[in-house]
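Pasting in a structure now, in structure tokens, and then I'll have a few things to ask.
As written, the chains take the letters A, B, C and D, and residue 1 is the first residue of each chain.
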């Protein structure tokens, strides 16, 4: 059994890790830390876990995380970089669900996240946890940077097109929509029910932290200079993310070839579902599951290709993807403990 | 034109007052105070008011409320009692949307609201602002205590039955459901979209502040001892309140007589709609309007009568009712500025 | 492996059976019938099942259900009674999720469901599928009538009180609220998003089919005459049911004794969670799981006891409960395949 | 008083016309037709209108529409073209909320709407009812084709840019999102609450009827060939539309110049609100009102300009816009009866 610790178990990615790991056949939940909630039974905060998770939150100093085999950080940005070095030195593997190790360029990180990076020495070592495009590195990693939710959809949607050199890398437009849980479990007026229900808006159009992460990753797929316009929007639903990705085709290619390209790319990726050409994937078809579904469109058979991508932002976009990485890091089947079927309706 | 001031314009009852008063033909909005938002144009916080309300929030010390004809308090409990005496002394009428003057018994108020009542001398003078049952007192009042949202539905629903002595006053059961806006515009986790959407729960079953207010008012309608069980629930909708009121019939009465009793009672009340016997009023039929609708049921023609009552908790349950009181206090038609039709769908 | 057939797989209880049975370790899905959708892959209608359920719908005449070990009927009322006799004769067990065998009294059934009962000979044999109160009968049954969703909550909530003779059986008031999926997957205006979102209403107050089912079952628990007022309401959420059950205490009993009574009653029932006295269970704490949670209240320590009961209407209220029965009928652990943790948020 | 008839009053644009016209100071509602609901009081179908609209639906043959001054068609496509000629001949003005007269090219209409155009002789005469861009023609018109909801947002957002020749007309990308009421009041499974709540999806990506309408109108603003990719999505909210419009700048222009261009363009348009550069308009800021709000963005000060446009799809996107046209046609102030403030929250 893999002994698992979770730092920061009171947010949505934390409780989602608990939901998944509590039924994972190879995992023994060992410690869940929260400075604020020390002593509180986890199930008192999340009644969905009553009878299923019997641990209490413990303050970080009491929890001996060094006895874990792996520690997940479901924390605000900046926490993992402070604690990872000691854990790694103690032989504990680390998976960070925040952004501390996602961006290799220290200066870019510090510009967007407004905090100093105190652990730059680990940036190169950290594996980027997008299993579908980086499986081997993850298998051998001690430290994994779990991708952002939006970047997961943009990378898996654009990758086959960029790698094959079929679209203009300089004019990518990603119009993305997220459920409200993406904003986290924080007391804020903007995400109150009465503010965000029955409403739709864009946000962060002038600049979102997922832009530099995505651009840097996309740049790996092509020699051309990547130019990405990324527009996030807030949808009145709890879970779910839908990315509408536009690319300008630069080569003569048939729709069948486009479809075949994607099917071949994701043939061995159990969590990417390439739907038939012209489908309209719905976010609810992934609710609570680790599946990401995508479909291709080409309006009027013109030179614009559209990739529609959906996922559950808390599962494939966060905690499920982290467990997927853990499976790879410990030599398990990639799908272990992740076979939940989406809740529909 | 009536010069109107609003103290505490940043909450939901405040913005709702602004929506209603900005189009009221006899009102001139004069001052809106907010300690925290001094100088901020109101329309910057509430873009729905762009081009319609050109005032900025001003801190309480800058706003000369004594030049107003009437001041509405859309504030937390305790604010109105501190400022009302000086305003009244200056000849300004006061309408309090909070609870400061709803409960006549100082000790009961202090037990439930956990603050000292600093202005008990005005408790007797304050008119209880339920126009349908207290019209004359409101017309002559300098100070009005606007009723709570739940109490409005319970009183209008139970009044004809209690007054006619048809039900057992000692075994009233009010199972009530409110939209989330009833919790106000406060940064709290429990009312986040991700917490309260796609969910239903009871709350405050052990004791809710609207119980003593309602019990005291209901007691006025009957010589028998009132016993009320009031169970509030939270509904994943922004606006709307639905009260399901149960009463045990103690006299032989036909359904036609019951219906006639309610129709006669509310014949001259333009904001109470007695629907046909056996109807199922929907909250959305009142969304954004000052109407309260109710309908009677009697399962199996047995000895239980059910009154279903719906209203928009922010309009008839709060700000619309307050404007209705203002109209009466200033000799206007009760319906002036309150003829908006509900938004459906 | 248990060979399972499903008649009527296109509704919500059908797709929910598929979600649960596709990951059940002892089940082999064998046939799913739909007259209208013959030949359509199930996953084309429900994309959440892509890659997980590879069957196509087949018309009833093509599917050889007699080769199954058990057949679930997720059909409109009246279908199971027509097909059950032949299946039972062929040695196939039958679980009906509709009402055909819930009401033992043929006349009562026909009055409420407006169809003739063509198979009255099986009414006595059919076991009522509420495992917590009828476990032994289900274990030995060939034919199970799965309870209605509302009746499940009312029975489990009232049973300990009635059995112990603590409340007045003649004045039960059940104020119940259901998510919209309870209305099924039918093209109807009343359950359109634009009609039922941001809205709350009662329905069927004059008489709901779950009243006679519940009254008949409750009557088994007490010698006194049961009198039940049942008021269903529609909540703008997909899944979830919340019943607020009122009972008038007729004996002197402490809150601790009440709590102990419920805890003892459901000690060995893995799917009933008795929460601490005074808790407010939320429907989302059961979303997608087979758990039913309940909590006791006693306002002002008076003579009214309130039982708050929540469940997912499609799982414990329908398909999960049916699988729970199947487990018992085939000698499996009651919890097999039903350990999904609720999706929260 | 303008005598108004409405053909097809049972859909969402019909009830919205009733909500607006019932309080319009210059209108007398005269007839509302519905073949199916002949004799039913309008308020029985829409309880929000109880006490406010006392008409009953009448079958088309009974209603003498020729006595009206103006008739609105809130009907499926094809109805207005059949009845308009006779009404016009009788001196009645006609405003069609459907598509019958929106597209001037008969062949294009017939290709997209799959019905024969039986009244091509009126296509040239019909004024396109987008007041902000076509005010004079509407003032003098007998017959107005009210624009589609999506086309309204795309035209008002792209117009200043295309007219000034600032963007590449050939590579327009409009990523649009609509509330569910846009699908109408029709019994269909896809728009059930349980199907479309807590979900997000694109639809009609391969080709939507609003594309040819929009392209034809946009083409009037520029000499270059218009190329438009239009991607509609469905948002789980009742009302509201958000269009995210992308344009590639072809000239050197500052953000201040862009902003000034829009402000000058809509200076005299009371229903278009140009928000400060970089704002994020929310659909709810227009809920129930006839306002359209827009804001400009320019990510990284690069060569992509984004116009964010919001409106209430049933008001400015349909019925409110139709009343705006009526006002112009009858010489009234454009804003008469349309000053409702948006409902927020």
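The rule we apply is simple: a contact is a pair of C-beta atoms (placed from the backbone, for glycine too) under 8 Å apart; a residue touches a chain by one contact, two chains touch by 3 or more.
These numbers were taken from a predicted model, which means no experiment stands behind them.
Novice: Touching both chain B and chain C, which chains are there?
Specialist: A, D
Novice: I want to compare two interfaces, A-B and A-D. Which one has more contacting C-beta pairs?
Specialist: By number of C-beta pairs in contact, A-D is the larger.
Novice: By mean C-alpha coordinates, which chain is most distant from chain B?
Specialist: A
Novice: CA centre of chain A versus CA centre of chain C: separation in Å?
Specialist: Computed value for the inter-centroid distance: 36 Å.
Novice: Based only on mean CA positions, could you tell me how far chain A sits from chain B in angstrom?
Specialist: 45
Novice: From the mean C-alpha coordinate of chain A to that of chain D, what's the distance rounded to whole Å?
Specialist: Each chain's C-alpha centroid was found; their separation is 39 Å.
Novice: List, in ascending order, every residue of chain C touching at least 2 other chains.
Specialist: In chain C, 12, 179, 181, 185, 194-195, 197-198, 236-239, 281-282, 284, 287, 345 touch at least two other chains.
Novice: For the complex, give me every residue of chain A touching chain C.
Specialist: 12, 15, 19, 22-23, 46-52, 181, 185, 197-198, 238-239, 273, 275, 281-282, 284-289, 291, 293, 314, 339-345
Novice: In the complex formed with chain D, which residues of chain A make contact?
Specialist: 171, 173, 175, 177, 179, 194-195, 197-203, 205-207, 227, 229-231, 233, 235-240, 242, 244, 246, 248, 278, 280-284, 287, 297, 299-300, 302, 304, 306, 308, 310, 345
Novice: Considering the complex alone, what residue numbers of chain A touch chain B?
Specialist: Going by the criterion above, the answer is residues 12, 179-181, 183, 185-189, 191-198, 236-238.
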